[in-house]
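Worksheet: the structure to be examined is printed underneath.
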């Protein structure tokens, strides 16, 4: 490492360094896939399909990242998503409601979980893992109570919304029949992208966002520096809950059905995406753009695994686990190297 | 009221259940002054600071700021901050994952949005004016500890503080870093900031301070101008000993006769550890009792811990009976025949829930290895033997050690090490918190063991004890060995002047 | 920071442009309809021509399912001229939808789908049709607005299986002289809304209608698994003291039911307290029947592979195929020579 690079390394923050690593790895993977695994990746629609399938996960992961940055965690988001999809499905089909109100229901459910969990973690100082574990069981249980069987929603307005395609001009491709098919994304993707941009701005340019980092970096110090630590943690969990509400509805829009087994493992995927995206479990480091690429990376691995002819169900898990370990190791090594370079 | 005073504390009293921490303490700080606050263990300096910074509320007394007539009430840290009292603690209370500029401004700027450009500009300006080698956009963790300390100070200063409290700021800094810090402090002094410098480093106080306030046992001993207070006097005021006191004592026991040409049992050259002590030389002969003395924090415990391998040894040579040996962890030292009674028996000594018997056989069991455990009969025999030998008052050998009194706990730990039949025994504050009768017992025991050929290092804050038992004293100051006293030099005056050092 | 945002944006655009470039080049150089994977390109040069088949399977929740998967995998091998991409959906419809979209992107020649549930397929089937990829359904069926969205369906006549079971019970009770008795029946149903469950439940119900003296005490979802089947049966035994007949809609649930019954101190089978009717008739169940634990088992043939392959070959030649093709199935009970059947049972 030359002197010049060394000093540039000094100036980049932990967050940005990890972000860079994530993005580089993602592009390497995707370009590698394009070069070696051909067909499935060579159309822009492949990337859009990844976005379509993961819009909800992107939103949930953003919420998870924020909570992780403050040093906490929320493993109830999967359960909340399932609960939202079941409640909205029941409301739309069995109670004959309107789509607009179902959106409201989703948001209220998410808000409710966020409020209660945030209060327990921030003001009663109970471990976030325990609180959200309870939340998860509660949500999953409630889902089955609301309705035991899974069913697809037939409400016309809803189905129309679900099938709405937003055309991305100029990115279409010609299929084997010679027809030009436009590239498209679902509504959920637009929502996800808007949320990513919004949260990025919040974390970077508002005091609240910076407070999240401070509290996660050293909550004692943050307190001494005049930050209201309790309120900050509360808002982080509240935000995660609201995002679980939004993400839950986007998920519901994508699958079009209610089922007790929906979104199982979603919270783990959200955590994995956050970590791959450069959010550290210990708190204080993390960013939304990285999380976004973390989600994309997770999906790309899935696609690479299935294109390579391996049984996706098993090999994806193993590969993701390997990647997580790799990232955790990279994170610790990079952090340690930086600290060593500083102790005079 | 003094014109120049930026802070006046009068007649401060503070009690906690069972303990009177402050008894009628006065303290004055002037504008543009660096004022040292010193005192040994239990003197009350940290309580006084906490009263000033709003962590505690005083029971009685008055605090005046900036020459105002009316006194102020400081009920919380936020109120103290608002009044212009800024503490900077020993542990850096900043966030390592944020940038330098953020750390300087977070939590105290108005508005909901973050204006990076303005913040970075202001920060750079401030850093430059205080000559701190850091950039506003750098991440805090990439700065050295000294610089982080200075950034914390810069933040405090920027809040327009009148009273800057530096609580042990130099403990983790090396010499060059300390110099940088002092330069900053002098700059601030020139600007009229009043600085309270809490420390126990003697040399540093004389280098940078204008005045000193000495406390002892919760009372004010006095406030002095540095130029009027010779070092020796300062040391004597801190220890509470009068200069003229001569305490020359003979031991009751015959000392071990050293044979001609016999090599020291242990010899150490240039040893230093990660605890911050400067490399030191040391030797001890067979049957000799020596000791380490100096003010609190001068590095006495750190030296013996380095010898025992309890801290991470970074360099130096150790020789036993003239042959080089390697001691990098306590088990190595134990195998070489060294035993160590730690200073903090609650933390490093007793295993609270284990019985008296188990605590006694612990060290020796480790030496034997886990494949050769003591049978119950063996263990009982040993326990009974030592309980009788040291007169340990316990209901039975099975009683959990934590239910014994401090003195008896200490005896059990002593028994543990005696069981290993060490050639060299290190006792760090063995009589702290123990009744007088037991103290004398232990002192007598030490001399008896020495007469039988055991080498002992005895560390104590009480000078009388050391003079009574040691035949050689190694004097330490500011984590450096500054002298060695034997024979006729073994009196309080010599000790104190060696500790004080410098010009009189 | 701004630089970073711009940088990422540029990279993403490059990525998309690059990937769309690839498509355009492909189309220019190759005629439509011959998009092949890398490996295939080599083989094409050697003179071979693989048919690319994408299969989206429900999962691996029961022995029957595993047997069906085996049948498919062993049929669509490279020796037989196929390149197979197999995806296990782990019981989730969203996985199947994603898989199908991936297949469409990869431009496979044929898609074989075993739909987890019946509804929700209209959109993706239309996409496949627009992309010119024929879809063949196996085992379970779909409810769509436009029947032309899929080319063919191969599977069991589940309704017929249910009816057979009803008729068998009728005969058996007559033989036993219980034709007029009050008969109390419980049903362990398969995954709700799956074609298999709907068919078998309705089929049996149609026969039940003819008998006033038959009462259906309860029907519950056993999810086609042994564990759930056992749980539900335990519940039934606790709630209803006198059960005469258990209709268990697959073998795995039957095993669970047998465990529950024996644990409760009762017996089943021809010499037992409770009559058990099962579906699938896999080897393990037939062995249990030989031990006297099951009264009758109605076969569900999982060997769908060869039939599907025949359909594909016909389509390749440009011929028409029948829309619905039922596979041949029968039933078994202890009056038959079970030993010889078990010997040759492939699943």
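The first chain written gets the first letter, and so on, giving A, B and C; residue counts start at 1 in each chain.
To be clear about the criterion, contacts are C-beta pairs under 8 Å (C-beta built on N, C-alpha and C of every residue); 3 or more make two chains touch, one makes a residue touch a chain.
Because the structure is a prediction, the values reported are computed rather than measured.
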| item | value |
| --- | --- |
| Most remote chain, CA-based centroid, reference being subunit C | B |
| Chain occupying the most central position, where position means C-alpha average | A |
| For subunit A paired with subunit C, centre-to-centre distance based on mean C-alpha positions, whole Å | 33 |
| Distance between chain centroids, defined by C-alpha means - subunit B, subunit C (Å) | 76 |
| Distance between the centres, which are taken as Cα means, of subunit B and subunit A, whole angstrom | 50 |
| Junction residues of subunit C - those touching two or more other chains | none |
| For subunit B, residues contacting two or more additional chains | none |
| Set of subunit A residues in contact with two or more other chains | 204 |
| Of all residues in subunit C, those that touch subunit A in their complex | 1, 4, 8, 11, 15-16, 18-20, 22-23, 26-27, 32-38, 85-88, 90-94, 98-99, 101-102, 105-107, 117, 119-120, 123, 130-133, 192-193, 221 |
| Interface residues, subunit A side, partner subunit B - complex | 10-15, 204-211, 213-214, 216-218, 220-222, 224-227, 284-285, 338-339, 341-344 |
| Parts of subunit A lying in touch with subunit C, wherever the complex brings them together | 16, 19, 23, 27, 30-31, 34, 36-47, 49, 53, 148-152, 154, 163, 170-171, 173-179, 181, 204, 254-257, 261, 289, 303, 306-307, 309, 311-313 |
| In the complex, subunit B residues that touch subunit A | 77-78, 81, 92-99, 102-103, 106-109, 111-114, 116, 135, 137-139, 141-146, 174, 177 |
